[in-house]
Amino acid sequence: MAENLRIAVIGTGRMGSDHIKRLTHTIAGADVTGVVDIDAGRATAAAALAGDHAKVWNDPHAALASGEYDAFVLTTPGMLHYDVLMDALDKRVPIFCEKPLTADAATAREIVDAEAALGQRLIQVGFMRRFDAGYQRLRGWFEDGSLGAALMLHCRHRNPTSPPNFTDALMIYDSVVHEIDGVRYFTGEEITEITVRRGRASRGAGGQLSDPQQILMRTESDVLVDVEIFVNAAFGYQVHTEAVFEQGVVDIGGDEGAYVRTAGRWGGAVTPGFEQRFAAAFDTEFQGWVNTLRAGRAPDGPSAWDGYAAAACCEAGVAAQDSGETVAVTLGDKPALYR
Amino acid sequence: MAENLRIAVIGTGRMGSDHIKRLTHTIAGADVTGVVDIDAGRATAAAALAGDHAKVWNDPHAALASGEYDAFVLTTPGMLHYDVLMDALDKRVPIFCEKPLTADAATAREIVDAEAALGQRLIQVGFMRRFDAGYQRLRGWFEDGSLGAALMLHCRHRNPTSPPNFTDALMIYDSVVHEIDGVRYFTGEEITEITVRRGRASRGAGGQLSDPQQILMRTESDVLVDVEIFVNAAFGYQVHTEAVFEQGVVDIGGDEGAYVRTAGRWGGAVTPGFEQRFAAAFDTEFQGWVNTLRAGRAPDGPSAWDGYAAAACCEAGVAAQDSGETVAVTLGDKPALYR
Amino acid sequence: MAENLRIAVIGTGRMGSDHIKRLTHTIAGADVTGVVDIDAGRATAAAALAGDHAKVWNDPHAALASGEYDAFVLTTPGMLHYDVLMDALDKRVPIFCEKPLTADAATAREIVDAEAALGQRLIQVGFMRRFDAGYQRLRGWFEDGSLGAALMLHCRHRNPTSPPNFTDALMIYDSVVHEIDGVRYFTGEEITEITVRRGRASRGAGGQLSDPQQILMRTESDVLVDVEIFVNAAFGYQVHTEAVFEQGVVDIGGDEGAYVRTAGRWGGAVTPGFEQRFAAAFDTEFQGWVNTLRAGRAPDGPSAWDGYAAAACCEAGVAAQDSGETVAVTLGDKPALYR
Amino acid sequence: MAENLRIAVIGTGRMGSDHIKRLTHTIAGADVTGVVDIDAGRATAAAALAGDHAKVWNDPHAALASGEYDAFVLTTPGMLHYDVLMDALDKRVPIFCEKPLTADAATAREIVDAEAALGQRLIQVGFMRRFDAGYQRLRGWFEDGSLGAALMLHCRHRNPTSPPNFTDALMIYDSVVHEIDGVRYFTGEEITEITVRRGRASRGAGGQLSDPQQILMRTESDVLVDVEIFVNAAFGYQVHTEAVFEQGVVDIGGDEGAYVRTAGRWGGAVTPGFEQRFAAAFDTEFQGWVNTLRAGRAPDGPSAWDGYAAAACCEAGVAAQDSGETVAVTLGDKPALYR
């Protein structure tokens, strides 16, 4: 067996800290031996989460250049991704990049083109739902064709509350982006157009958001998609997907867990948040990535192309929000590396 | 089509009044044209429920002798059933008898023998669960053999609270009697032995009852049956039956109805009582009985034999409660009329 | 109690025959004493379903003029409704009219205006889903406000197969019309606009239909509605409605019935068709109508206005199918009689 | 962070090999650096599963004496456990012992007494269900008392088929043992008596077994337990537990996963076996054990006492099978170490 993978985590906010703990206590074959943050205090605190192994850096480019790491995990805000990713490609080191790939579709396309020019996959994007057992099972029905062709996808994405200063655009970039990737993952097709419908807003959204909204999409083979995005759904967290095929209908994301009858009611507890709902998916995602790298193979999870396509769809979605019209999504040629 | 059936209802307590309303407002082809109760005020009030048609009697034997009725419904307490049933057999008029058939197995056997001597079925016993769609569907699996032979039956009978002055014996006579009939209905077999286990009692039972209890039975072909009887289950009403076959398992009585997600929970409302759970079964039972009689046929619902067999099992069940031992059930020969 | 209601059924096709059987064998307080059909042989056969009571007519206007009936049930094709309804209003007799009210929105509006001019409700329209226990329970959440305001409605209407010669327009007039009425019933609001999206068609639709389709609607208070209409869904019949409120989400129409585990699968049987799914609703609808008339009251079920509003929405829906655009629905003033 | 734990796995059959893969590829902080099997070929093959790290031994006592390992995992057949466990206690090394603890209750008690005499917990027993999320959630209701006191436990343990040469006694030792430990885990009480009921046997059991059977137990506070053990249930694997409390009822182990409607059915796939059902539990169990040892703490999972109590219950269960009588379970004093 190869030695443990030496990993540096860039960005030590909530997501970065979670990943440090995950890599240290849950994932076999990896050690967090570096921690990068511009805030030295936060970096030191994060290093403690990894035990004694982790060296503290405040410049990601220095860490990238050091030669001390087998791979990197990037969790800083999206607008800081571009430079780090370009440097990682330049140094030819594998990097796991939390979504979004970059701040916009144009720069995301540049990353795609740069990686394609290298002819080597180094970047994996953190669309963790692809590692959820339910997502994988649903994809199985798309792939095996046993229920005939897919015709429609009904998606529900409900959060208990939205963070302060959340905006309509963030509803697309932060939340719907997962459904966008899900549609691409299930169907294996690109999304060709997006429309957004706004209706009555929940008073729970505090006057700030038009919440919920309905996002309508279409794929290359004319699968119709509707997404309910509701980020102040109050009752808890829920991601539900219903796929309509010619011969049947498949649902994933139904309520599970202990079933209780008391006080005149039957039922159970709703999952409080994505951390609980997708805990196993996060673990599976990282374990798979670590195993792939330790085996000397290129990453085979969501690619830079997937990150770019999602960014392009999000931009079209925000344009559709603004205009009230249907907006086409155009991606340009897909480099051979991603086919 | 024949004229409407003229029915007299004997006994106008809660069950009698419910049946008057049912026959008047829900059942096609029947009129309640007589009402019998020893309490004249109660009888008059009950007659009003039937509109202007109903004549008031205070002696059931006078009503039986009057020749004014096509059929009778008997809902007085069980200890008053024997004389009325014997008189109805003597007059050869159809009579629908709410359970129990009579006060004990010995007198029930006398009714069976009297009806068998007549060679004509006149009595139908009110085991209404046989008319529940779920019960009928489960019986289908026993009959068609598509899942192989039946091996075990797990039964749950839960009431929210027990009435005042309820006793351990009434748990058998009033509640378990429905499970006893259900086992006989599903399997088409007689019950051969009964054991009762008492464990920790719920404080909700008020110190008065050993509640819940577990009733263990065995049928002629050695199907093992266990019944949880819990008459202070607090959360609501539930009748659940799980049948284990060689090739599969079938459940009926699961929770149904609108599905709600709110306040951190998913689920729905529990049925509050048997009236709601078995409302359709009561209607189906009476409509079938009325249709049969209007068509000039003998009743084909639960027979006097079914009432007798249930009574014999209940007596064995109470003996098993008292002794802590397994008690055999012996029924004697089954008259040809009931085969 | 009043005498049984004397009813004549106009039209004796499948739906008419079903209603004759229902009124004869299931509904208390009604006799089918007249049967009307232009085809004498079919009328005679239908009369036999009602026993000896029913007189045969071949002209509905003669039956309406005879004075022999307390009420009528109209089940002929929709294009024949207008004349009969106008005559019934003229004669001031109650008439139960299966959907659609008339052949188009303009003539439906004339019926509304004529009834409003009379100042008396005589017409009830056969939107039977309003009598389904699940529909009524879901409406309860809209009315009591315990989950806050309604925001979205997701509707699924799936049939196993479509009849021969079915068309895209009939998908609206025959199937979506029930969802249109459902939205109006749940929200208590009118529908203000309709859009139709077509995507990939199922090969099960035989090249004839664009099936499934997605119908998007909006109500007066901006509740967003999406309907999946899929009339060749292959697996069986399903009507599912999910209502999104500010504080929670409610589903009705989930799968029910016996729960089986066998051959590596858990689950149960899908309802085969609307007759099974809404059997109890048909009975409740007619029993309520009969009870109302016997009590000397005007019908309080779905009104001519409800029939007209549905017709107007269907016309807008077909226009939306044809144009690919969002089409506004305008109803004009609502007469005081229907408020 | 401490160095990785060096572990030797004793016994390299199916369970041993699974654990080697698990410790190598799934568990953080552990390396399998030794493999012990009397069969040299099998040992070498198993060592390959662990990569290059693992040294091969054929005598467990030599490995225990070598000082090269921080901890051991014991997966040989139960009759070989006693000597290895005694040696491990003698050497004071932590050892994870797959069930059963030893071949019988008497020798299990000797292990308990030896460990108690040391005054130090070194042994953890592989009752992996305690690490299942559902089991832990159900235990929560026993601990927090929010539903009142526990009254009854209904347990179902169904396997698709039994291995060749399976016996009635093995149904207890191999399968019911998990339910025995579950009852002790949920209630925190010892089991005081056991009865076994045999009924009609499934033909799927091949004439060899009386399958299914019903195992009845009672705990110290008189909680009544019934277990259906059915090892040829044909349809798949299922472990279902229903706990009846004073104020409500809780179920765990219901069917989960993608929900499909096709070919007239709704439902999903049954779990095929315990490996799928308890995959996460096995991982959680080992990760917890490794984390505890790396932190320098004594193991806090199922103890030698738990292994001994289960063995005593199994012996009583087999005696109850043989006699048809209720058999008391007596454990003797519980050493302070385990309280």
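To keep things simple, chains are lettered A, B, C and D as they appear, and every chain counts its residues starting from 1.
Following the convention adopted for this analysis, contacts are C-beta pairs under 8 Å (C-beta built on N, C-alpha and C of every residue); 3 or more make two chains touch, one makes a residue touch a chain.
Keep in mind it's a predicted model, so treat the numbers as computed, not measured.
*Asks:* Please identify each chain that touches subunit A as well as subunit D.
*Replies:* Touching subunit A as well as subunit D, we find B, C.
*Asks:* Suppose you list every residue number at the subunit B-subunit C interface; are over half of them used by both chains (same) or under half (different)?
*Replies:* same
*Asks:* Tell me which has more C-beta contacts between its two chains, A-C or C-D.
*Replies:* Greater number of contacting C-beta pairs: A-C.
*Asks:* If you take the mean of the Cα atoms for each chain, which one ends up farthest from subunit D?
*Replies:* C
*Asks:* Measuring from the mean C-alpha position of subunit A to the mean C-alpha position of subunit C, what distance in angstrom results?
*Replies:* 45
*Asks:* Whole-Å distance, subunit B centre to subunit C centre, using C-alpha means?
*Replies:* The answer is 37 Å.
*Asks:* Provide the C-alpha centroid distance between subunit C and subunit D, rounded to the nearest whole angstrom.
*Replies:* Taking the mean C-alpha position of each chain, the two centres sit 58 Å apart.
*Asks:* Give me the residues of subunit D that touch two or more other chains.
*Replies:* In subunit D, the residues touching two or more other chains are 234-235, 247-249, 260-263.
*Asks:* Mind pulling up the subunit B residues that touch subunit D in the complex?
*Replies:* Subunit B reaches subunit D through residues 148-152, 154, 158, 197, 199-204, 212, 214, 216, 218, 221-224, 226, 228, 230, 233-235, 244, 246-249.
*Asks:* Touching subunit C in the complex: which residues of subunit D?
*Replies:* 234-236, 238, 255, 260-270, 272
*Asks:* Using the touch definition up top, name the residues of subunit A that touch subunit D in the complex.
*Replies:* 1-2, 24-31, 50-53, 134, 137-138, 141, 147, 247-252, 254, 256-263, 280, 287, 291
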